[in-house]
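Listed after this line are the structures, all set down as structure tokens.
Shared between the two complexes below is chain A, which pairs with chain B and chain C, respectively.
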Partner chain A sequence: MSTRFWQGLLAASASLAMLAGVACTTAAQPELDYLVGQIGEGYEYANWTPIDPRYDGVKFDLGVGLELKEAIGVKLSTSPYWRDPEASSPTTLYGVVAIQSSAPDVVSVFSASPTSFVLLAHAPGETTLSFSITGYPGSIQAPVKVTAATDFVDVDERQNVETRPDAGGDAAEGDDDAGAGDDAAATDAGSSDAETGDSR
Partner chain B sequence: MRHWFWLTSLVLFGCGDSDDPPPPEQPATEVQGGLNRAIFTYACVSVSDAQCNVDAELSPLREESPFPSIAVGASFALSAKPVHDWEYTDLGVGTVAPEWLGFDAQSGRFVGKQAGIVSVVAVQGATPVDFANLRLVQPTRLKLLQGTPQGDFTGAKVDLGGGKLEASADVQFTFKFRAVAVEDDDSILAGSLPCTWTSSDPEVARLTSDPESNLATVVSGRAGTATITVSYGPLTGYVNLEVGQ
Partner chain C sequence: MNRRVFFSVTALALLGCGEADPCERAIERIERKSEECSIYVDEGVRDDIQADSLECSAEQGEELTRQADCMENASCKALDGSDTTGAQAFAACMHAP
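Coming up: the complex of A and B.
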């Protein structure tokens, strides 16, 4: 091959290398900036604002927070995402999610799986749950309010919401929680406010 | 001398005290925790607990035994075991909110303090592994269950119709009843409730039975009338006795 061929190949390679270098220095890095939650067991003792109540009332943005009823436990499943500015839908992040409560005497937590937890609401008050994920920077702060049992009102708007596949890319994957867990112990399935003192 | 006993109503509370002997074996009442890691088991701490069907003469209190709704003020026991033996060992049970569900570490008993839903946690050491929700209910009234009488009596004639018993005995007569606490829809509430027994005139009618056994033995004395009252908070039951000659 002629010398000119090799010179052209070398120039093209250099150009590509320069272009790659520029691309690497300006591309956004994945981080945890969006966390979707879903309540399973104990859902009737928690209130949240659905991401899209028209299609799915069970998933919510943890950055918005949630409300819990005093003296109960709930299971929370999480789905961590990165809102890639160059993508049309959030990118799922894979790793172990960690959680911490700023006021454990109000809400304490323990892990159920790599991405799910149990929240125990001990007493009325407020706390902030901090979520992070291994392998990625960023964190999510979720405000949680524990309401006295006599004041708690179970908001049922998330139930009976028609769901359908979202062609635009539903943000939440979640784990295998169904969101309609059985009330574990007593005969109170679905009618948690029958006892004295609860209001509607 | 013939002594006549007229019982207009006899109500025995599901009562028990802190020194109750261990209750007899009962059907298992279990529920799986919310994480499917542990199984929570309810246990009676006294034969007076309506959850325990200890008398073959009485109709079963429940056809089956779902995890019971528990009366506020009642004592009961909870235990936890792992769903998989290889996963956890020696699980204990704790309460999420002691103001709602108290726990006496010495006796190992839980006591419902407020009506509502309260969670309990299965723990291994200090590490929680699973949870379950219990329902505590304020009892609204008593329901009377009636069994066949037993005891030492002579020439007894027992009429069980109409909820009123008539009997005559020379010395003593024994009836077997159980009064259980129920909620608004007539569902029986579990738990052993503390109670107080009194006789308005012990010389006429002396109560000799152990309340925790749910047996009332009335021993006649001199002629006259007496009322034996069983009470727990605002709930009461009584029996009028007329001892005649």
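Coming up: the complex of A and C.
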């Protein structure tokens, strides 16, 4: 066959290859890049910064981290998301979330379901919790600070004290609005073992 | 010469897209294990996109392959959290360097 014929076919196949190349690599792999946390049991012994306090004060960005009171246990639920560059809102990911603590002597972790966990705060210090989800690349690092039982102040209680008209006296005294759990957290460090048991 | 180049380029164009990449193969294994353990996996995220049109870097391929290995070596009780020791071993595997 003539050289011109093969040159024509070659040009056509090159175009096909270019088209296939474009079609094959147009979308980014979905990955874990945002993890929302929520503390269930034991929430009065944890502090976090809400994503949007006006809308929902209980959900927080795990990448920002949280503070726990020494010698307690809390239950943490997680919701993993992918920030799809072509979508206006994050896309929920489903799979098994795996968690690991960099300092288990500070905070140890146990899986309670494919997406929820029990965190046991053993001793004051800092740790990093690593989260990943099956089926998606990427991981989230959550810094966690454990505060000594005698120094821990629940954020809600602190806010109540600051906004109370007669604030300035003993912060914990007579602060009934803070709730029984908060009072226990602020004043009764000796009952920590019982609290841990309740939270499991 | 032209004939040889033509066949090579055409073969690459036709095979390149249809061939399963490491990410796709690993995800299939992960979905199979999830199904076996009745773990809910929404395939919507990937169904919206042609699986074979997703980018798969070497790093992502390795990570997803390790995840698939970890899942296949874990029991269903470890994956649903009812076996806490197994779940810890699974988490350690998932976060292995």
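In the analysis below, the second predicted complex is superposed on the first by the 133 of 200 C-alpha atoms of A that agree within 3 Å, B and C clash if a C-alpha of one lies under 4 Å from a C-alpha of the other, contacts with A are read in each partner's own complex, and residues count from 1 in each chain.
Just so we're on the same page, contacts are C-beta pairs under 8 Å (C-beta built on N, C-alpha and C of every residue); 3 or more make two chains touch, one makes a residue touch a chain.
Note that the coordinates shown come from a computational prediction; the quantities given were computed from them, not determined experimentally.
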Practice task
Using the superposition on chain A described above, determine whether A:110 touches chain B (first), chain C (second), both, or neither.
Solution key: both
Exercise for the section: Pick one for A:120: touches chain B only (first), chain C only (second), both, or neither. Expected result: first
Practice task
Would you check which partner chain A:147 touches, where first means chain B only, second means chain C only, and both and neither mean what they say?
Solution key: neither
Exercise for the section: Would you sort A:42 into first (chain B), second (chain C), both or neither based on which partner it touches? Expected result: first
Practice task
Would you check which partner chain A:70 touches, where first means chain B only, second means chain C only, and both and neither mean what they say?
Solution key: first
Practice task
Between chain B and chain C, point out the one touching more chain A residues.
Solution key: C
Handout entry: First (chain B), second (chain C), both or neither touched by A:128
Key = neither
Problem - Contact residues of chain A, present in both the chain B and the chain C interface - result: 110, 112
Handout entry: chain B-facing residues of chain A, complex
Key = 40-42, 45, 69-73, 75, 110, 112, 118, 120-123, 149, 181, 183-188, 192, 195-198
Handout entry: Contacting residues of chain C [partner chain A, same complex]
Key = 2-3, 5-6, 9-10, 12-14, 16-17, 23, 27, 30-31, 34, 39-42, 45-46, 49-50, 52-57, 59-60, 63-64, 67, 70-71, 79-81, 84, 87-88, 90-92, 94-95
Practice task
State the interface residues of chain A toward chain C in the complex, per the touch definition above.
Solution key: 3, 6-7, 9-10, 13-14, 16-17, 19-21, 23-31, 82, 91-96, 98-100, 109-114, 116-117, 130, 132, 134-135, 137, 139
Problem - Touch list for chain B against partner chain A, complex - result: 31-35, 40, 66-70, 96-97, 99-101, 114-121, 127-129, 131-138, 187
